[in-house]
Amino acid sequence: MTEQHALFDPLLQDLSDRSRDEVLAAFSAVQYAAHPVAEVQLAGLRDVTLRRQVQRMLKLIGRTLVHVDGTHWTAGYDDDIASSLVAQGWQPLSVIDRAVLVLVLVHSVAIPRSEGILTGDSWKSARPTTVDELRTTRISGEERRLALQRLRAAGLIQLSGDHSGGPSYIPGPQLQRLTPAARRRLQDQLILAAAPASPIAEAIRARTGGPVEGEDA
Amino acid sequence: MDATLLDAEAEAAVLRVYRQVFAVLAREAGAMIVDPDLLDADQAILDAFAEAGSDGLTVEQATLACRAYPHDVIVRRFEVLRQYGAITKLVDRPNELRHRAAFAPYVMLMFLRRMSVQGGQAELHQLLTLEAHSVSDPQATADDGKASIGRMTKVFRLLGNELAILVATSTTAQLRENAQLAWGNERLIEQAEKVHRLVLDRWPELHRDCTSLRMALAAYADAVQLAAGRLVERAGTTRALGLLPIETWLTFARSSEPDTLAAVLDGLLFDAAAPDFSPQTMVEAVETGRRTGSARMAPPRPTADADAPESAAATDREDLRAEAERVLAGRSAVDIVEVIDEAGDWVTARRVLAELTAAHLHDELEYELVWSDGMRIDPAAGTPWATEGVFRRVAS
Amino acid sequence: MSSQPSEAVERRVYNALWWAKVQSAGPLEIDPDTPAVAGLTRAASADGSTVWLVPTLPSGAGHSVLEELDSPPVAVEQPNETARVLAICVACCWTDRSAPAWPGSTGTLAQVRSVYAGMRGRPEQSSDLTLIIGSLRRLHATHWIRWDEKAGEVRLGPRVITWTAADLSTLRDLCRHLPEPPPAVLSTEPPAASPPDEALPDDALPDDAVSDDALPDEALSDDALPDDALADAALQDGPSDELRGEVSDD
């Protein structure tokens, strides 16, 4: 908005006009495009030196580059910044919104994983979660509807292309912004919540150094 | 259950269990079947005997009854079954052509199929229940208790060894394939401990045998933990989800309170919705809004009573419902092309379509819009090009 | 000397934390004593009682880049309807157009409805209110406006502080093309025990919408509801998943 930018200028001022444009374009693309952008599409991502500048810019605002499928880039929260905020109890997403999102993740990702029909190692899935599947919980219809609306607006879920059984949802592009550590954290917490006494949960606790539950006290 | 429906990987798993089980039946190494389809042939032959009644079957009759399979396959399997005594001559004399089948091989076959589907755990549960039953029998002696404890010790040693060796030697993929060995282990251990308690209370002199069982159980639990640890270690960032059974997920989704569900996202941060509205976008939106802003009447509302004001969303829903009902006009389904033609001009048609789409997507309305591949082209119509499809009510 | 690098690091972490907060929650209302955060501008309300932190970007960065890349941001529901209502809020709340748009003054739902109908060039219709309220809520949730549903009053949101002089000149022009809002009649701020209203004040109720004699087969032609492009695509190319995936307006 201003000619001067207190945060980014110290980084940008050393760049040529052209590099500056390319860095800013790449920065904007990974920050604001809904989906990860192809590395080949932008000089600011292709060129390792420019990409390093993009990463520096992101670092200044608590973000980091996230590599997707080896060919695309997006931006997510830096792990250290996220854990600092979490330590402060920072959680802007309401309980209902989070609960509905978790239900979509269970039906669209966890269950297909158990069925062995998902490939890759991400939270992407084409398996739709139907409204019926979301209905089976202790959340009222109106609450659920509003939560779905907010989650869609944030790109946390999206409508599935498959409308054969009425509207249905799949995980949204924002989940691709999770860093590897965040993706794993989500996996671990989902398993710990769903099957706290399972050997898998115990193995997760052992690895993360968390409290070992499920043993007789 | 049908082996022909299983994919290659599952077939290999089935075969593995069959091999293991048949190992104790086969007379010599190398005589094992290598194709699970042959088991289907065996079953077909035994099925044919079940239908044949007390007259039995000749080889030719059997091949005829099993004509879904190649003639030689049936002849060969018939011979194998005969050699193993699963099929015998009706009367033991040189010229007897008719045969009868024993029932035990069929029971074995059913058992095998179950084992291959469930990894043998259900059977193990049942065996443990039987053990508990037998050591509780008032007639049971200390020797019975000792034998029972001995059997269980061996089962759990084998289970634990198998897992431990898998953990030490196999790839992650192999380990994951055998994850079922680790599932439900707490219940198995619990059941075994129950038998252990019964025996120890009744025959304290068996304490040494009981100690062996406890050690076998502990070794099994350790092996499970090791296997789980290794699986989790190698599962990447989302794959460990596949290590839990589907039922666990369904139960979690259905029975958890919102707080419990929400807590899964503790420590994760997401971006707030931050749409951009540039002044240029606003200018364009106002332009199009002005251009198309002709008169439109409200759709009829189902009730006109002055209830407490509904939310805007609910009003929206009722508007969509009213529009859907107007289009359906009492029918359960209506052709989209008809809807478009009835609308007359294109501007009206696309508005109606937009509302039907919204009704379809609304998660509290039971309507659906289903497109087909066809297209109607009629230069005389108000809207000459129209994709075919149906708008209909969905049974709720 | 040796403490300097660590101070710089602390400063960087401080900035990064605030930026992350703003990205995860939207523009934040803060204690006015909060020290400055580089790159986050402070939007103070008219009476100075509230201050928001709003992210700013260097020119050449931001959503404008996405259009060239053909890599869109997360879709907004009813994007055009929402953009129209934002334009109308600007027209109602930016009364002194020689000054910046922020903080502006308070407008009312009655004004928004009136300008909306005027923009459409026809009398207000029953479905208008649903659309307007939906848009106001969406804009409020994303801090483009502050919408007080109980009072039926609207103000511009802290995000508008990032509009540049060029943006403002475009908007000034836009306001001139929109119908003049009627004078704002603000709620008289009842001292205490105001009756607990339902979702909307009386004047916001769609009372005229609930007319028994609305004819079902009256010519219906307005693009107000969902999506023209959507229906276009459905008719011309068959349904495209992408287009059918998002219910939007034109």
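Miscellaneous remarks
By letter and in written order, the chains are A, B and C; residue numbering begins at 1 in each of them.
Just so we're on the same page, contacts are C-beta pairs under 8 Å (C-beta built on N, C-alpha and C of every residue); 3 or more make two chains touch, one makes a residue touch a chain.
For each chain, UniProt lists the protein as follows: A = DprA winged helix domain-containing protein.
Just so you know, these numbers come straight off a predicted model, no measurement behind them.
Each of A-C and A-B has its own count of C-beta contacts, and the greater count is at A-B. Geometrically, the chain at the heart of the complex, using CA-atom means, is A. The centroid of the Cα atoms in chain B and the matching centroid in chain C are 47 Å apart. Centroids built from CA atoms put chain C at 26 Å from chain A. Averaged C-alpha coordinates put the centre of chain A at 28 Å from the centre of chain B. Looking at chain B, one finds that residues 269-273, 275-276, 311, 313, 361 touch two or more other chains.
Shown for chain A are the residues in touch with two or more other chains, namely 32, 77, 82, 85, 90, 92, 150, 153-155, 159, 163, 174.
Within chain C, residues 20, 23-26, 62-64, 73-74, 76, 141-142, 163, 244 each touch two or more of the remaining chains. On the side of chain A, the complex with chain B involves touching residues 32, 77, 82-83, 85-86, 90-93, 95-96, 98-99, 101-103, 105-107, 109-111, 113-116, 118, 121-123, 131, 133, 136-139, 141-142, 144-146, 148, 150, 153-156, 159, 163-167, 174, 177-178, 180, 182-191, 193-195, 197-200, 202-204, 206-207.
Touching chain A in their complex are the following residues of chain C: 12-13, 15-17, 19-21, 23-26, 38-39, 41, 55-66, 68-69, 71-77, 138, 141-142, 162-164, 241, 244-246.
By the touch criterion given at the top, residues 182, 185-186, 224-225, 227-229, 231-233, 235-246, 248-254, 256-273, 275-276, 311, 313-314, 360-364, 366, 368-370, 394 of chain B touch chain A in their complex. Taken together, the chain B residues at the contact with chain C in this complex read 269-286, 288-290, 292-301, 304, 306, 308-313, 315-316, 319, 326, 340, 345-355, 357-358, 361, 371, 373, 375, 383, 385-387, 389.
Listed in rising order, the residues of chain A touching chain C in the complex are 1-3, 5-9, 12, 20-21, 24-25, 27-29, 32-35, 37, 41-42, 59-63, 77-78, 81-82, 84-85, 90, 92, 149-150, 152-155, 158-161, 163, 172-174.
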